[in-house]
Every structure is written in C-alpha cells, then in structure tokens.
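Structures given as structure tokens follow.
There are two complexes below, and they share chain A, which is joined by chain B in the first and by chain C in the second.
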Partner chain A sequence: MKKLDKHQHMSTPAVAARSVGTRVLRSEDPRLLTGRGEFIADIDLPRQLHVAFVRSPVAHARITNIDLSAIRDADGVALAWSGKDVAAFCEGLVGEMAVEGCVPTTMPLLAGDEVLYVGEPVAVVVAESRYAAEDACELIDWDFEELPAVINMDAAAAGGPVANPQLPDNLGLNGGASFGDVSAAFDQAAQIVEGRFYTCRVSAAPMETRGVIADYEWASKTLRLWSNTQMPHYLKYMLTAYLGFPEQSVEVITPDTGGGFGMKAHVYPEEMLLPLLAREVGRPVKWIEDRRENLIAGAHAHEQYVDIAYALDAEGKITGVRTHALGDGGAYHMPPWSMAVEPWCAVVMTPTGIYDVPAAEYTYKAAATNKTPVGAYRGVGYMAGTFARECLADDAARALGMSPFDFRRHNVVREFPWTNPQGIVYQEGSWRQTIDALEEMVDYPAFLHRQAQLREQGRYIGLGLSCFVESSGESSATSLEHGLGDVYHDTATVRLNPNGTANVTIGLSAQGQGLATTMAQMAADTLGIKVEDVSVQTARSTDHAYGSGTIGSRGAVVAGGAVARAADVVREKVRQVAAHMLEAATDDIELVDGLASVKGVSDASVSIADVATAIYFDLDSWPKDFEPSLEATQAYDPSQAMFSNGGHAILVELEAETGFVRFEKIYSVEDCGTVINPNIVEGQIRGGVLQGIGASVFEELAYDESGQILTTTFLDYGLPTMDVAPPFEIHHLETPSSHSASGVKGMGESGLIAAPAAVLNAVNDALSPFGVVLRDLPLTPEKVLDAMSVATTASGPDEGL
Partner chain B sequence: MSTTPEERLDVSMTINGRRYRSTVEARRTLADFIREDAQLPGTKLGCEHGVCGACTVLLDDLPARSCLTLAVQAEGRQIRTVESLAEGQELNTLQRAFREQHGLQCGFCTAGFLMTATALLEENPTPTRDDIVETVSGSLCRCTGYQTIVSAIEQAAAEGQNVTNGGDQ
Partner chain C sequence: MKPPKFRYVAPRTLDEAVEHLAADPDAKVLSGGQSLMPLLAMRLAAPSILVDLQHVPGLDGIEDQGSSVLIGAGVTHREIERSDVIAQRLPILSSAVVHIAHPQIRSRGTFGGSTAHADPSGEWPTVLLALGATMHAVGPRGRRTIEADDFFVGPFTSTLDEDEILTHVSVPTTRTAWSFQEAAVKRGDYGLALVAATGIPRDGQLAEARVSVGAAVGSVRRLTDVERLLSRGPVTDALAEEAALTAAASVDPISDIHGNSEYRRKLVASLVRRAVLELKNGA
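On to the complex of A and B.
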C-alpha cells in the first residue's frame, strides 16, 4: 500500500490542557435560544425573487412534450426553464468514485428526455413570491410515456429493464478484493455462520431543509451563493468548474445550519441552478426546500443488503470473513460520493471491526433503480457494515453457546498497533475494555435473572450489544489507507488582539456540532488564555480559511489541529517578546492561565495581555529582528488514519400485544481519545443513537411497485419522538491519539453507526424464546408481532402465552 | 361568503406586545406573517404540515402551529414568539436551562420547544418528567436525542421559573 509522505502541516504542538476536557457551555447558544440565529430562510436580499421546482410525479418516463408558456405568462413569473434551457449552460453533474468497477453517471440539473425518479427536477420557476412560484408550477403542460420502473435492487442487478440508460447493466459499481487465505479459512472452518442483513432506505431528515440563495453582479462578475452546505469550499470549486464563474469572484456563504448529517454534504442540481437563474434574471434568487421536496429529492440513504459469513475454528475464533454488499444506489451517482458511499464503504471499512480476523474477502455492487439517488448519512457504509458484522457476532455467539460479551472478548484484538488483513493500521484503542465496561454497566448476570423472571410473566426484554471502530478525522492518510487518493487539508487563522483576546476562523461550516465552542477551547489552551476570551467564526464565507468539508467525523480533529498549529505560531511570538520583557530565554517561557512565566521562577511573569499590548504598541518590548504579526494561518491534515472506538448496549422490551419495540435504556461507551468537551461528545452520542433507533424501528422511505414514494410527510415518515427516546448512561474511555492535536479523535458518527446492530441484537435476544431471528430493518410492530405469533403457532415458546 | 385564497384581507394582531396591522392574502400563513411581515424570524419552519412543531408560537397563551394557522385567523389575538422570552438582555430561566443541559445543538427546532415548554410551565409550574414528555412529545428534534430537553424543562421548573411574563408585560 502506498504510504503518505510526512509533511510539515501534519505535526501539532503539545499543549497543557486547561479548558480542553471541561464542560464549557456553548457560545452558540444565546443566539440560538433567543431566535437570533441566522438560518438561510431568514436571509432576504433586496429585490430577491423566489424559486420553485416542478418535480417528476412518476418514477420513469420519456418526456414527449414540455411546454412552459402558461407558466411564463402567469402573474409574477420572471423566468421558467426546462431541461433544454439549462443544458446549454451545464450538461449535468458527473458522479463517480475512483474505485474499481465504478461506471460514472451525469445527473442533469433539470431532467432531459427522461425522468428517472419521483422528485427529479423537471422545470424551475422564478417569481415574485414563493406563493406565485408554486402557483405557476401547477401550470406546466407536459406529456410523458411511462417506462418500466426498476424498483428492486436484486432484480436490477440481475439485468432486465434499465433504470438509467447511462448504466445499461443497471450497475453503477461492481468490484471486490481478497486479503489473506480466505478460502483456507472457510475450507477448514469448524463452523460457518452467515446471514443476509438489510438496512432500509431512510432520510437524514435534518430539521432544516436545504436552501440556496444566489446573487450575481454582472459588472464585477461577482457571484455570492448562500447554501447550508457542509462543503462550502468544494461547492465553490464546482461552481467554477461546471459553470465557469470566475473563481476569484465566487463567494460561498454558509449561515447557521439546522443539521446536516451528510445530506448537506453533496453538490446538488439546485445549487448549480440558482446561480444561473440569478445571472439570467439579474436579481437575487432564493429557494428554500419544503419538507416534501426534502423527503423525495434530498439524498436518500442506507438501502442495501449485506451478506456476511464468518469462518469459525473449533475454539470459536473467527478465522476469516466474507462480505458482499449490494446497494440500491437510486437513479444516479449522487455527487461527489457516488453509489460507492454505501456498499463500497460497508465492505471496505468494516468487516473486521474489533476482531482479530486474519483473512478477509469482499465484493460490492450498487444497482441503479428508479428511486432517489442514495448519498451520505452519518457514518456512510459503516452503519450497514457494523450492523451485519455485529449481528452476525451474536449469531455466532448463539451458535457457540457463548454470551455476546464472551464471544466478543474471545475474538477481540488485544495488541496494538494492529494491522488488519487489508493492511489498515490501528494505532491504539480500548477495544477489549469497551466490552468489559459495557458488561459491567448493564450488570449482565442481573439482567439475565430479570429477563428469565419477566419471561415467566409473558414479558419479553432483550439486551443487544454492538461494538464499533470508527474511522475518524477524515484525512489524506485515511483516504490512502482505504485505497483512495483523496487529498484533505484545512486551515485556520488565529489572531491575538491588543488586549490579549483572540479571534479564530476555521474552514469548516457547522451544523450544530458546537465547533465555535470546541475550537475556542483548543485555541485558548494553546495560547494560554481564557476560553471566554476567544471568539470563533466557523466557515461562514469561503473568503476566509479553507476547509475540505464537515464530513467523516473530522471537525474536532482537523479544525482542532489547524487551530492548534496556527495558535502555536502566535504563541511563539508571544514567548519571544515575553522572554525579552522578562530577560529570560524564549525556551524557558510557558503560557498558561493568562500568564507568560519563566519556568521554575515563581515571580517572573507578565500577563499575556500585556505582552500582546506591547507587541502592538511598544517597540521597546520587541527583541531584535522581531516580526510583529500576531496573526497566523496554518494547515493541518493528520499524518495517519485514526480510529475511535466504543460500543452500545441497548435494553428493549417487546410489547406482546402490539409488537412495539420499547427502549428502556441505552448504555454507551465511547473512546474518542482526549475529550475536548464532554457535553458535546455526549450530545453527539445521544443524537446519533436516537437516529440509529429511528433507522432500526421507526423510519423507512417506502415505495410502491410503480416507483411512487409513499412517505412524503413527517406523518408518513416517522422520526423518533420524545416519548420513545430512552435515557442514557454514558462512559468515557480515553485512549489519546498519538498524532492529533491534544490526542483528540473524531466521534460524530458512532451513535448512528453502531446503534442499529444493538437494537436488532436486543430484539433478537428478546425473541429468543420464539426461536426467530430477524435480519431486516425496520423492525416494525408488524414484523415483531409476526415473529412472536408465527413462532407461537409453529413451535410455541417454552412459556405459555 | 367564501373568500378566494388570493383575496386580500385586513388583519391586526399583537405579537410580543406590539400591534401589527397589514393587508394580506387570505392564504398567507401566520408563520409567514410572523417571519416576513413582522420581521421576527426566530420562529422556524421545519415541515409546513404541522408535524415537527418548530413553528410553535403561543396564540392567546396556548401553543399553536403557526404553519397551519392563517394570519387572518389571528385577527385580534395575542401572539408570543421566541423573541419575547429573554429578560432584557439576559436569557430567561428556561433558556438558561436549555443551555446548561445542552438541550439544543443546531437550534432549528429550539424555538418550538421553548414555546411549548413555556405554555406547559405557565399552566403547570411543577410538572413531572412524564408530564413534560407527554406535553412536549409533539415537537421533533433530530440532534439531541431529547433527554437533555426534558432535563432542561425539569431544571427550569425546579428553579421556580416564572414564565408567565411574556413580552407584553
């Protein structure tokens, strides 16, 4: 495997923790709690017009006629375009990934001759108000011939009717690899356990929908684009690459954002269209997606089958793993991640997990269907892969007559660094300790006792375990480690002001993670000042620091590294001047708790504020040849891939009369190295786990046979509500990263990654008296009730029902 | 007589103690009136079909979905929005509790939770955890997992929070 050359921007300074590790209250909150946040829908530009889309009502059809003249004649309409109008400016967005067997697609900004999924944009209308724009959309005159709708991914992958003419075999992705002697492991296995697991199609469903505002000034060729994107700099690059806007005059502005979870980490046709519309009408244009559009046209997520098999030796050790993922990619590759985002990530990133498995083999396929394209959602591929692996671990434990804790402990990696069969290196971790901690937290013997007692009363509780390893701090090194060549790096700017306070700008946009608070903590400790004296701007504008996107659990690690590196440059300036002022050597100066002090000399110190003032206003304080800028911009990219780890144990009860899965308690163990702010880490765990519960039990984007989506409101698409949300007990383990700033590792995705496996394992544990094992999500009351009643009539549980 | 959706009607209402008069289309939602006509964008629209609760305001002291209410239906009535909660330039007890309990992340759903909780605490200053869950479960949050929201409302109640004074006092 190609290794990354080490560069200067990959080293971070050592810093004494003061604010890091404490529960600093968020600086974001007062604005958000008083209605003073500024989200994209809250932004209005003078003279703005409003945009609405006509979207396909059918899954697959050839457009035979399209006439927008009635729309154009309607009151208040400034412009209406169909696919033909926009194709002259941009053919579409190419989606592909540099992995074996990826066939690219081009997604038009507005449908051309064919519509390929319900919700695909067909025409766009610009009008004086949103009300007028939506009224005008109703006036479209168009005819289409329906074509066969390809809905089932198994059938699609086997050939037959074509979903997208760009993919004649219905395959957007097809490949695989083998590491170690997998055949021998399976040939010589004492036992093989295997299963096919299904993760259903869901929506990330951030509470704030997508939105775009574009303002183009022709005289200066200046384009300002507001988008609640997770990747403002990448979007800026795409605006110049696809549309030809001059790079130096394009600014992408990211306001407060109401959750993203990956859905906003794409480049969408709407983001490309709005600038073209603004240029055409000569006025700012604004589009705020409604919830129906969000559910049918925002990227979908997750839908795939994972077939997984373990070869077990006579001692119950896993000697080999085979994984095959088949994803339903929808009608197009969703740029920039493509259909690889689920099946490829699932098989490449997750098969070994925490287990010491010497041989692994995988294949992956993505089928094109006439459904909404599938994109990123918190923990891409990791969720489905972890789900299959951890549920199979429970199958194996059952087959071996071991407890789920013992089976995992029996197979867990114990020595670090550990290199998995693919050559991925895990530097450190608390993998075994996680199992032990969870077993203790749930008091397993007491649980078993209670479970047996309740069963006698006809009540069915279950405990499910799931352990994860999460690739975090997405970096060039992580990409290379997984066989890709993507380059990541982010910058941060730190400025120390004359009174010793600091302003920090980072290149990542925030969607609720509290980055303004955690980055203030990182800067404060590096500069030796109080966290209240630091103000952080996240990437509100691409005019400032550069960023590779708020994705892949990288915010704390990568922005944190850049902030620490930039603050360190400023710190060195302060140390030089303090040394001159204190008549000491620079190397002897330390900056802690607001003071620049000479190490070991208790009364030799000067306040950092006084040093800063002196640098700005007092030439006599400067050492010879001093350069007085107290502002630095530095880049950071981790030198190696890094992995956080942990696990969840979830306690459920199945309601025998309704089949409803009731969540009693969640036990979570998280090791993300050094914790910057426990409140924020725990918030990420709770929120992520609840999304995992949603994806396991409550949520499914459902389609009928004709390819019509049935879940277009929050009445049909059920998010978890407060009354079903369980309490949490959270335990932190801290195994610091050896190479990130302060030892921080990322953890934003682990809740959703690992919770569904724990949910299914818990439900299957509760179902164990019925002799039924479920493997398909979501675990609807119908499925659970069927499992309980079918089994009752077939063989009957031991206990009377 | 029936009114067409586009027909314009006079409307007058009090929002956060201040009188607003306008002529609006009959179909204009109260949410759009509050956000655009009254320029109070703290009230958010999460679904526009009455499920998520982000747009909840107090209409004559009772929680109402402003996305499902027409502006003309608020004729002559008293409305309170999230902008009315702070006490001068300080967070009120409920807002402070949300901050201290980490009861918000992205903050998009927060106004709806705050207004629903305000109504609850005005009606029942000493709610149990179950009371809170039952009352506030009509609002959706995608970030927090809810437990810290319940804890925040519990904390506000425990601190003897008097939230009866809206912006009109």
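On to the complex of A and C.
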C-alpha cells in the first residue's frame, strides 16, 4: 500500500484545553432558531427570473421529437432549452472514481436522445415567475418511444436489456480483491455463517431542498453562484473546467443551509445549467427545488445487497470474511463520485469492523438501472457494510449459542495499532470497552429477565447491538490508504483584533453541524482567549479560505486542524511581543485564560488584549525585526487515516396486533477522541440514529415495475418524527487521535452507520420465539406482522421453534 | 409545485357562494385548503375558480341541541379538539380528532371540508358513518339533508352535487357506547386502518350497533355483518373475537406500498376486536 509523504501542514500544535470539552452553547442558534437565518430561498436578486424543469415522466425512452415552441411563446417565458440546446455548451458531467472496474458515465445536463429515469431533466424553462415557468412546462410537445425499464439490480447485473447505453453490460463498477488466506479459512472452518442483507433505497431528505441562483455580469465576466452545496470550492472548479467561466471571476456563495447529509455533496446538472441560463438571458436566475423534485431527482442513496460470510473456527473465532456487494447505482454515476460510494465503500471499508479477522476477500458490483442515480448519504457504504457485518455477528452469536456481547468480545481487536488484512492501520480505539460499556448500560441480565416475563404476556421486546468503526477526517491519507489518490486539504484564516478578540474563516460550508461554535472553541484555546471573543465565518464564499468539502466526517478534524495551525502562527506573534514586554524569553511565554504569562513566574503577565493593542498601536513594544501581521492562513490535512468507534444498543417492542416496531430506548457509546463539545457530538448521535431508524423502519423510495417512483411526497415517504424518537442514554469514551489537532476524531456519520444494524438485530431478537430472521430493510409493519403471524392464532408462538 | 392559474372569490353570504358555484361547472369550494391546495400545487386539480367560504357567516359554531350536536362546516379540527360541548356530548370526536394530522393542519382544516372531501382515510367520514350523522346542504335547488349512509359513496366521492355546499352536520348524541380505533405508523400519519363502533346500551346489551371502517378500504363503509353479530346478545370477549373474524371475512382491503390487502385485513380484525372490547366496557 502507498503511504503519504509527510508534509508540514500535517502537524498541529499542542494546546491546553479550556473551552474544548465543555458544553458551549451553539453560537448559531439564537439566529437560526428565531428565524433570522438566510437560506437560499430567502435570497432575491433584482430583476431575477425563475427556473423550472420538465422532467421525464417515464423510466426509459428514446426521444423521437421535442418541440419547445409552445413553451417559448407562453406568457412570461424568457428562454427554454432542451438537451440539444445545452449540449453546445457542455456535454455533461463525468462520474467516475479511480477504483478498479469503474466504467465512467457522462450525465447530460438535459437528456439527449434517451431519458434514463423518471425525473431526469428534459427541458428547462426560464420565466418571470415560478408559476409562469411551471405553467409553460405543461406545454411541452414531445414524442418518445418507450424502451424496456431496467428496475431490478440482480437482473440488470446478469445482462439483458440495457439501462444506459454507456454501460452495455449494465455494470458501472466491477472488481474485487483478496487479502490473506481466505480459502484456507473457509476450507478449515468449523462453521460458516452467511447471509444476504438488503438496505433499501432512501433519500437523505434534508429539511431544506437544493437551490441555485446564478448572476452573471457580462461587462466584467463575473459569475456569482449561490448554491447550498457542501462543496463550494469544487463546484467553482467545475464551473471553470466544464463551462469555461474565468476562475478568477467566479464566486460560489453558500448561504445558511438546512442539512446536506451528502445529498448536496455532488455537482448537479442544475448547478451547471443556471450559470449558462443567467449568461444567456442577461438576468439573474433562481431555482428552488420543490419537495417532489427533491424526492425524485435529488441523489438517492444506500440501495444494495451485501452478501457476507464468516468462517468460524471451533472456538467461535472469525478466521476469514467474504463480502460481495451489489449496488443499484441508478442510471448514471452521480458526479463527481460514482456508484462506488455504495458497494465499493461497503466492501473495502467495513468487513472487519472491530473484529480481529486475519483474512478478507471481497467483490463489488454496481448495476445500472433506470432509476434516479445513487449518490452520497451519511455513512456511504459504511451503513450497508456495517449493517451486514453486525447483523451477521448476531447470526453467528445465535449459531454459537453466545450472547451478542460475548461473541463480539470474543472476536474484538485488543491490541493497537492493529493492521487489518488490507493493510489499513488503526492507531488506537476503545473497541472492547465499547462492548463492555454497552452491556453495562443496558443491564443485560435484567433485560433478559424482563424479556422472558413479557413474552409470557404475549409481548415481544428485543435488544439489538451494533458496533462500528468509522473512518473520519477524510484526507489525502485516508484516500491513499484505501487505494485512491484524491487530494484533500483545507485552509483557515485567523486574525487577532486590536482588543484581543479574533475572527476566523474556514473553507467548509456548514449545513447545521455547529462548526462556527466548535471552531471558535479550537481557536480560543489555541490563542488563550475566551470562546465568546471569537467569531467564526464558515465558508460563505469561495473568496475566503479554501476547503475540500464538508464530507466524510471531516469538519471538526480538518477545519479544526487548519484553525489550530493558523491560530498557532498568530499565537507565536503574541508570544514574541509579550516576551519583549515582560523581558522574558519567547519560549517561556504561555497563552492561557486571557493572559500571556512567563512560565513559573506568578506575577509576570500581561493580558493578551494588551499585547494585541500594542502590536497594532505601540511600536515600542515590538521586538527587533518584528513582522506585525496578526492574520495567518494555514492548511491542514491529517497525515494518516483516523478512525472513531462506538456502538449502539437499541431496545424495541413489536406490536403483535399491528406489526409496528416501537422504539423504547437507545443506548449509545461514542469514542471520537477528544470531544470538542459534548452537546454537538450528542446532537450528531441523536440525529444520525434517528435517520438510521428511518432507514430501517419508515423510509423507502419505492418504484413500480414500469420504473415509476411511488414516493413523491412525505405522505408516502415516511420520515421519522419526534413522536417515534425514543430517549437516549449516551456515554462518551475518549481515546484521542495520535495525530490530529487536540486528538479530535470525526463522528458525523456514526449514528446512521450503525443504527440500522442495531434495529434489525433488536427486531430479530424480539422475533426469536417465532423462529424467523429478517434481513431486508425496511422493516415494514407488514413484514413484521407476517413474521409474527404464527402468533395470531390465539395460542401464541410455538416456543419449540 | 405551484398551482395553475385560478380565479378566487370570497363571498360574504351563502347565497352569493351558491351563485358562484352554479355559474361555473369548474368552480370549487375552498374551505381550510388543507386537501384542496396540495391537489392544486401538484396539478392534480385545476378548478377555474375557488369560492372561499371563510367569510361566509353561519358556518361556524358547535351547538348542543339535546339529542344531537349541530356542527358548522367551517368549524376547524382544532375547535373540535378544544370544545367542551364535544368533549361532553360526543367524546368519540375528541378521541378521533387528535389523530388528524398535526396542530398546524388541524388549525386550518375544517370539519365540513373533511366531510365533503370524503377521503376514505379521513377520520371524520369513518366516525360520522358510525354515528349515523345527518348532513345539511344548500344549493341552487334549495336546502336538503343527506344521511351519512347515503352520503359517502366512493373514494373521495359524496352525493353532494358539484354546486352544493355542505353547511352543517347534525351528529346524534344518543350513541353513548363508542370506540374509535386507528392504526397509524406515526402520530399524525393517515391511518392504515380506522374503525369506529357505536351503540346504545340497553339492558346490558348493545342496541343499534353501527361499525364502520376506513383507510384500509377503497371507501368508508359499514361492517353490517359485525353489527348483526353485536345485536345477538351481551358483548363478551368471545363475541369480540368472533367480530374480528367476521370483519376480516367481510372486508376487501386495498393494497399499496404501505401495506398489502392481507396485512390490512389483519389490522381491521385487530381494530374491530379492540373496538368491541371497548364497547363491552362502555355498555
């Protein structure tokens, strides 16, 4: 495996924690919770026009004729384009990832000769109002010949009718690898446990849908693009690379954003079209996605089968793991990533988890289908892979007659650093402690007692366990260690003001994670000032700090590292001047609690505010050759992959009359190294686990056989609501990272990564008297009641099963 | 999701409202808009003109008339939820109303709008059928009343004429044994199955039982086989079990992504069982 050369920007300063670790209230909240946020829909530019899309009503068809003249003649319409019109400017967006067996696709901005999924944009209309634009959309005159709709990923992967002519084998991805002697492990196994697990197609369904506003000024060739993207700098790069807008005159602006969860970590046709439209009509253009569009045409997620098998020796130790993932990628690779985000990530990132498995083998395939492309959603691949692994762990425990805690403890990695069969190094972790902590929190013997008692009354409760390892702080090193070559790094700018307060800008746009609060904590501790004296600007504009995107649980780690490094440069300046003022050596100056003090000399100190004032206004306080800028920009990229870990235990009850799964309690253990702010970490856990509950029980983007999507409103697509959110008990373990700033690790995805496995395990535990094991999500009331149907005869389940 | 163009009028009298409806066959009444506006926004309906009832006097009010309560079509779900008259005289309505959507929608949506809409998943159609309510309507041909049994005739279809306005619903208060049962995945969701059952306790038995089912079926309907069963004798656990089986045998539930026909049949049976057991305790 390739290793990264170590560069300067990979080291971070050591800092005394003051506000880090405390429950600082989110500085964003007074503004956001009282309706003072400014989201993209709130922004109106003078003279703006509105955009609406004609989207394909059929799953797969050849367009034989398309005529927009009636649209163009309609009241209030300024412009209408079909695929032909836009192809002159851009052929489409390439989706590809540098992994073995990835066949790239080009997604046109508007469909060309063929439409490949329901919801694919076919034409775009610019009009005086959104009403006029939607009225005009209804006037489209087009003919198409329907082609066979490829809906089922198993059938697609086996060949047959082609979903997308760019992928004649219906495979966007096909590869695999083997590490260690897997065949021997399976040949010599005392027992093999295996299963096929299905994670259904879901939507990230952010509270705020997508939106784009473009404003082009022809005289200066200046393009301003507002988008609630998670990757503003990448989007800016794409606007230059694909559309030729001059890089130095493009600004991407990210206003307040109501959730992204990966859905907004793509580059979409709509983001490429709006600038072209603005340039063409000479007026600003605005498109706010409506909820129906979001459910149909925002990237879908998570749909795949994972076949997983453990070879177990006579002692019940896992000696090898085989994992085969087949993802339903939809009609195209979702730019700029690809179908790899699901099946490839699942098999490459997750099969060993917390277990000491010496040999691993995997294959991955992604089938093209005539459905919406599958993109990123919190826990890409990790969710499906963790789901399969942790549910198989429970199957293995059942097969061995062990408790789920004992089976996991029996197999858990105990010594660090640990290198998995692929050669990926896990520097540290509290993997065993997580199992112990969860077992204690749930009081397992008491649970078993209660479960037995309730069963006698015809009530079925179940406890499900799931332990995870989460790759966090997405970095060049993480990418390289997993066989890719993507380069990541972010910058931050820190400025100390004359009164000793600080302003910080980071290159990451925020979608609600509280980055302005946690980054203020990091800056405050590094500078030795109060957290209230720091104001953080998350990326509102690409004119400020640079960032590789708010993705891959990297915010706290990467922006935190950059902030600490930049603040450290400023700190050095303060120390130099303080040393001069106190007539001491710079090396002896500490900055803590608002004071610059001489180490070990109790009364030799000056306030940091006074030092700052002096740097701005008092030449006499400067040492010789002093350079007075109190503003620094620094980059950061972790030098190695880093992994957080933890687990959840979920307690459910199944309603015997309805098949409803009721959630009684969630127990969560999280180890993300140094916790910057427990409130924020706990918020991430709650939100993520609830999304996991949604993806397990309530949510599914359903299609019929003709490729029509059936879940186009929240009436039919069921998101979890507060009434199904159970109480949480959260326990923090802290195993600091060996190399990040302050020992922080990322944890933004873990709730969704690990909760579905705990839910399925809990349901299967509750179902155990019925002798039924479920493996497919979502766990609809119908499936659960079917599984319990043995009990609908008055006598109850046969305990002998 | 923007509605197509429509005209809008806000008449100040009932007569004026009726005139607007009579003048244009594509006119539609607008009450709370909680069902109609989504249909417009999704372009599933395109009326030429909306006749808004919110300024029409006389459609409000909950009036205790002794053996019945007269409820104005413009009364919101929220007003029903908070009404003392309803709580005392028609507790089945108080029990059902909290299942309708969320407070925001209950504050806008109306009793009359919901009844006229005749959504098979709506709580009111199922409840009104089980109570044997009487609908009061006015149209260009004058006033008339329609019994609940003759009112709900199909999915989203009532016997109200296109140019008629539902003004009030008269709900009998004599059915003091009652039960309302709903199976919904989450609070505020439309139910997967609804069952309402009522009767008049008489000599330790239940007289004139009415049992209705909604949501699981294409249109709300009574379960007359179950009703006959209940009139046979005292309500017992065994009778509840039999009622569940009878209900399962006599419904023809719908299938959709939220549950297939067999699943909904089981739900209806469970809800009927629960309802009858509650009647037993009430009788």
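In this text, the second predicted complex is superposed on the first by the 790 of 801 C-alpha atoms of A that agree within 3 Å, B and C clash if a C-alpha of one lies under 4 Å from a C-alpha of the other, contacts with A are read in each partner's own complex, and residues count from 1 in each chain.
Criterion: a contact is a pair of C-beta atoms (placed from the backbone, for glycine too) under 8 Å apart; a residue touches a chain by one contact, two chains touch by 3 or more.
It should be emphasised that the depicted structure is a prediction, and the values quoted were computed from it without experimental measurement.
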First, second, both or neither for A:Glu782, with chain B first and chain C second: second
First (chain B), second (chain C), both or neither touched by A:Arg291: both
Which superposed partner A:Tyr131 touches (first chain B, second chain C, both, neither): both
Which of chain B and chain C A:Thr721 touches, first, second, both or neither: both
Touched partner set for A:Phe698, first chain B, second chain C, both or neither: second
Touched partner set for A:Thr711, first chain B, second chain C, both or neither: second
Between chain B and chain C, more extensive residue contact with chain A: B
First, second, both or neither for A:Gly683, with chain B first and chain C second: first
Intersection of the chain A residues that touch chain B with those that touch chain C: 131, 290-291, 713, 715, 721, 723
Chain A to chain B touching residues, read off their complex: 25-26, 28-39, 41-42, 44, 131, 205-209, 256-259, 261, 290-291, 511-514, 679-680, 682-683, 686-687, 689-691, 713-715, 719, 721-723, 725-728
Touching residues on chain A, where the partner in the complex is chain C: 130-131, 134-135, 138, 290-292, 657-660, 698, 700, 702, 710-711, 713, 715-716, 718, 720-721, 723-724, 780-782, 785-786, 792, 794
Partner chain A, residues of chain B touching it in the complex: 25, 27-28, 35-36, 40-49, 51-52, 54, 81-83, 85-86, 91, 95, 98-100, 102, 104-111, 114, 133-134, 136-150
Residue ranges of chain C in contact with chain A within the complex: 1-5, 42-43, 183, 185-190, 192, 241, 257-260, 263, 266-267, 270, 274
